[in-house]
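Inspection log for the structure reproduced underneath, given as structure tokens.
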Amino acid sequence: MSEHIIELADISVTFNDGQQKVNAVQDVNLQIDTGDIYGIIGYSGAGKSTLVRVINLLQMPTTGRVTVNGQQLQTLAPAALRQARKQVGMIFQHFNLMQSRTVLGNVIYPLLGQKISKRDRQAKALALLKLVGLADYADTYPNKLSGGQKQRVAIARALVTDPQVLISDEATSALDPKTTAAILALLQRLNRELGVTIVLITHEMQVIKSICHHVAVMENGRIVERGPVAQVFTAPKAPITLDFVETSTNVRAAIQRITRTIKLSELAANQELIAFKFIGQATKKGVISQLSQEFKVDVNILFANIDQIDGQNVGDMIAIITGDITGFNAAVARRADQGVHTRLIDEQVVKGLSD
Amino acid sequence: MAALIPNVLQMKSEFIQATLETLYMTAFSAIIAGVLGLGLGVLLVVTQPHGILADQPSYQILDKLTNLLRSVPFIILLAVISPLTSYLVGTTVGTTASLVPLVFGIFPFYARQVQNALLDVDQGIVEAAQSMGSSPLAIIFRVYLKEGLPDLIRVSIVTVISLIGLTTMAGAIGAGGLGDIAISIGYARFENDVTLVAMVIILVLVFVVQIFGDWLVKRVSHD
Amino acid sequence: VGIHELTSYTVQSAQHATITVGSMGSDYDIWQHIAKSQDAKAMGLTIKVKQITDGVQLNKATADGDVDVNAFESWSYYETYNRQNPKEKLAALGTTYLEPMGLYSKKVTSVEAIPDGATIAIADNPSQASRGLLLLQKAGLIKLSANFGALGSLKDIKRNPRHLKFKQIDDTTGPRIIKNVDAVLISNTVALEGHLHVLRDSIYHESFNKSTKANVNILATAAKNKHRASYLKLVKLYHKADIQKYIKQKYYGTKINVNKPLSYFND
Amino acid sequence: MAALIPNVLQMKSEFIQATLETLYMTAFSAIIAGVLGLGLGVLLVVTQPHGILADQPSYQILDKLTNLLRSVPFIILLAVISPLTSYLVGTTVGTTASLVPLVFGIFPFYARQVQNALLDVDQGIVEAAQSMGSSPLAIIFRVYLKEGLPDLIRVSIVTVISLIGLTTMAGAIGAGGLGDIAISIGYARFENDVTLVAMVIILVLVFVVQIFGDWLVKRVSHD
Amino acid sequence: MSEHIIELADISVTFNDGQQKVNAVQDVNLQIDTGDIYGIIGYSGAGKSTLVRVINLLQMPTTGRVTVNGQQLQTLAPAALRQARKQVGMIFQHFNLMQSRTVLGNVIYPLLGQKISKRDRQAKALALLKLVGLADYADTYPNKLSGGQKQRVAIARALVTDPQVLISDEATSALDPKTTAAILALLQRLNRELGVTIVLITHEMQVIKSICHHVAVMENGRIVERGPVAQVFTAPKAPITLDFVETSTNVRAAIQRITRTIKLSELAANQELIAFKFIGQATKKGVISQLSQEFKVDVNILFANIDQIDGQNVGDMIAIITGDITGFNAAVARRADQGVHTRLIDEQVVKGLSD
């Protein structure tokens, strides 16, 4: 077995309905390691769904080779392809539940035709329904469920065959935070305990941060950036990635909101509104805390979105600094190599944001 | 009573027999044509472009064949397939012999209806099944036929009612039935009461089919 | 085995035979009466009557042996059938009756009164159509081509001095559309069912003579059964006095009894 | 040629006329029955339970009426509605007169098909239209008929082909047409070449309808 | 006109299909002010969608009265009801776009039958498409769009009639952060400039925080808590609200993640891992910053999710404190009235979380 459970080589997908020609995926090369949790992120229409549909050949690529688990899927006979597909569970953006089957029936479906006793099938499906918190709904039909409930059924269904790879196309988009957290924890557990490789499309950075090891950023059908999550977050290279990281951390919205309530003109002479950016501050010592003591400045945090990725602090903070501002700022600038960047928020910045 | 339906009263046993004949023709040809039509309809759906077993040549042949069979007027169908009827049933006249032309008269129609019904099954669900490694056969039985069941029942109702209409023409080969009574006795002899009563019985059959079908649709629908 | 069966069959049929008669319309009624009659029992015949409303199918079924004897067709129809189906030939057993075809109208009371450009409804079934055309020729309304045969059609009209227009219809609808056309040709079976009396209600009708002999109805069977005694008995049975009395009463004498040997047609 | 189709060659003009008659009957009755069937089908959909104008009594009446009309064998329908035919067309025989029974013979069937087709229109979209304050009429025309168009065309194909089959029976009232030639000349006179050629022409018509319909479906579908 | 544009009185909705009886909404009373942005939040299946469908009578309530714009909707004649519905734009969870119309056609749809020239209709629809960033897709059919693109079309469609009320049922669930932010900004602008009242269902706390003025929390068909957003966030009363606030801020996940990389046992004797909770710290002075200077402790922020709601700092922070821990903690405890709460994260807390 190759160490890459999924290998996409030179994949392009072109839709050609009538006159319009859409290059949904262009020249994508992607290797996903066995046991990885690989996030794919990108704006709407970037080609994420199309790309993952190529992984189990639901979407035949226009060009390129798809290798899963060492098998080049395009060369397989239909029966072998079906067998290969069973190793790849898929959770769809639009649920795709069968209306004619109960919740339990939907989860059991992938097991039909396999040599498992009816009792075992039911037990297995029920266990998964319990996992997603829908055990009480086993005998309900999908149309009676709310959107979130439907998605959880779809997740249970994708897991019931113990797939080696699990593809999730915005599986948590329709879920509330609690259910999302529960599902992500579940995915993480499956990954850790059973070694299931997970490919996860999402538009929620939080989801990527929470559980992904690697991430690829897509734009216009291409992967424009990829790597370990921490690296991509801390040192985004492509403009879109930066954009993504910034927008997702809500810094801009926060600055706008803060400058609406706290007028910059009302700040005292020894006060400044400063945006901090932490990218990969590796020490266990707090830089800001140290400096604030050193320069006797007061740091009042108005907004913070700081998190740890692979043991590194990453995130943003907006604070009002009161005291020896000049010295403080100079000291912070000197510590840039420790991953702290600052930016003064003045009228100009505020004006730039509102455009 | 006697004044209202003078002729009918003298024909009680004929009416009973004719009703049984109609039931017999309808039931048996419905079952056989049901299987054939379902098969052909499913084949049309799976072989058509973007179908799960997309196959242009097969689809073209099946599609044309369906139209071909649908183009033949029933009375000519009777004649054209009488060798087959003779081979299968041993005779070309009588109620049982009528089953063969009835089946051929209705199953291509049913196939078309089945095709239209199955086209409405959500492609997303078919795709989900494919992603789970379901074989084409599994997709046909566990997805198409199961998800499409309410629609299939609806088109089956339409078809059975059309079939009841078709049995009224089977008198041409001595199959009897209510239509034959209505036409060759009631209509031809101006015994309007006979026509009326035969029609009412047919109507009752039609209603029973419709009501039973509607009930079934309700039972199997979950939306 | 074959011989044993054959002999036992012959023996049995000598005493008692079961015959399936295929028929339609008024013939069906007549034969149902005959089946129940005393005469049939006396002759040792058990008759089963089957209604088959399509003539072609009925002839085919007779040739195949699904029906033993059929009673519905005229001599001309029978001849046409045999000409077109040399592999499945039928044989005539004997004559039954002549039903005069009539020309009926609700608008005029005589042939002379039929106006110029009138619409005449005529059967779309070829044997009835040719018979109707012959009748119209006899009435002096049209002139047909010299070689007009049993399957002659509207194309064979040589002269049409009154510029008659023809509408081909299913022959059973005749009585129903009588009001919508100037005149309609209706065979007697259909006329009877429509409560039309050919001798009384028609403005012109066939009479029984050499020229109409091809219209005489016959009993027919598969060619190989031509000489089967029990089948031939049906002809005799049909002409029994009691039965004729019934037919005369029921059909007001519009079914003219014809009891002629088959050689009569070849004269 | 002459050896293969001896009788047909002598009947060229009859064939042309019969083809025109069949086209005439099919086209006109399709248009009229189309309007009636569409109307009835739409009424069935909107008045049914949970429909946008849900009305139990109306639905029950319309539903039963549809079945009633569908139960009448065509040949009897000819007779039953002949007073109406006479009133509308002035005569009960001929090609134009046949339009009335043809329309009545096919429109209830079409209504059922329309109903089945429109049932597949996404309820969510209907609901969205309701939320935008669309009137029932607007929902019928701008949602049901527009969203259901591909399915409507599909059932229309099925119906027109059935209608072509039905025209073959209109010979009974002197409507002529290809079916009449096939049956009353080809079949009844044993001129098999006539039957064959008539059938082939019918077949061509059926194929034209199917191909045109399929093309239309493709044109109006966006999925 | 009443000051409440929407008034729901004693609303209950019971679904009664076959034997099962679902009380989707129970005894809900809800008044929404004209010009408000009212958020409705709750876990999946809480009855949110059902409740908002009652507002324009798409869902007839089993009991209760619905008053919109002073009109009691249940008493209206059909034509009047339709007129009233035009005042309420709705964005659906499942888009509900017409497959037979182009993107432009979909947006134009609500204007059909109104006395507007074709040109104006198109212009208006195009302007909205530009607003949602889909002007290039005007002639595309919906099935060619990605999920996010579809949702944006639905939003444009809901806005095209200039409704007084806009109901959005998880309209941004399927959108990436950038598009979400753009849409929310758009909603906010509509609200501010045109006075459109907005009812917004979401499961993203961030959305509520960003633009809502009021929020109602639903559980099992009932509204269990409601009020101004700041109040509900800073002083959640119902357990579910607390749960919601906590889960949505990702504190738990953060603690789990942090305690996986930083072993508690490896901390020095003068170090402690502490979770801070800020609720409504009104001063412009930073409490933590002050105290850290006072007690010379070093505060290394590992996680922070702090934001301002109505000028008050609200949020969570996890930090390693190094130095005079005892004094620092005691001082913080004394400042509880200033809205700072702390909790020591020890082995016991970690164990409790992983259950």
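In this document, chain identifiers A, B, C, D and E correspond to the written order of the chains, with residue numbering beginning at 1 in each.
Simple rule for what comes next: a residue touches a chain if its C-beta (ideal position, glycine included) is under 8 Å from a C-beta of that chain, and two chains touch if they have at least 3 such contacts.
Keep in mind that this is a model prediction, so the values were computed, not measured.
J.: Chains in contact with subunit C and with subunit E: which ones?
T.: Both subunit C and subunit E are touched by D, going by the contact rule given at the top.
J.: Supply the minimal count of touching-chain steps required to go from subunit B to subunit E.
T.: 2
J.: Please tell me the distance, in whole Å, between the geometric centres of subunit A and subunit C computed from their C-alpha atoms.
T.: 88
J.: With chain centres taken as the means of their Cα atoms, state the distance from subunit C to subunit D in Å.
T.: Roughly 37 Å, centre to centre.
J.: In whole angstrom, how far does the Cα centroid of subunit D sit from the Cα centroid of subunit E?
T.: Inter-chain centre distance comes to 54 Å.
J.: Name the residues of subunit B that each touch 2 or more other chains.
T.: Each of 75, 79, 183, 187, 223 in subunit B touches at least two other chains.
J.: For subunit C, what residues touch not just one other chain but two or more?
T.: 56, 172
J.: Identify all positions of subunit A at which a residue touches two or more other chains, and write them in rising order.
T.: Residues 94, 144 of subunit A touch two or more partner chains.
J.: Which pairs of chains touch each other in this structure?
T.: Here the touching chain pairs work out to A-B, A-E, B-C, B-D, C-D, D-E.
J.: Going by the contact rule at the top, pick out the subunit D residues touching subunit C in the complex.
T.: Residues in contact with subunit C: 10, 78-79, 82, 86, 91-94, 97, 171-174, 176, 180, 184-185, 187-190.
J.: Help me check something: in the complex, which residues belonging to subunit C touch subunit B?
T.: Its residues touching subunit B are 22, 24-25, 50-54, 56-58, 60-61, 64, 66-67, 172, 175, 190, 193-195.
J.: Mind pulling up the subunit C residues that touch subunit D in the complex?
T.: Residues 55-56, 80-81, 84-85, 121, 124-127, 151, 153, 155, 167-170, 172-173, 176-177, 179-181.
J.: Would you tell me which residues of subunit B are touching subunit D in their complex?
T.: 63-64, 67-68, 70-76, 79, 109, 112-113, 116-117, 119-120, 151, 154-155, 158, 161-162, 164-165, 168-169, 179, 182-183, 186-187, 195, 199, 202-203, 205-207, 210, 223
J.: Can you list the subunit B residues touching subunit A in their complex?
T.: 122, 124-125, 127-136, 138, 142-143, 146-147, 149, 220, 222-223
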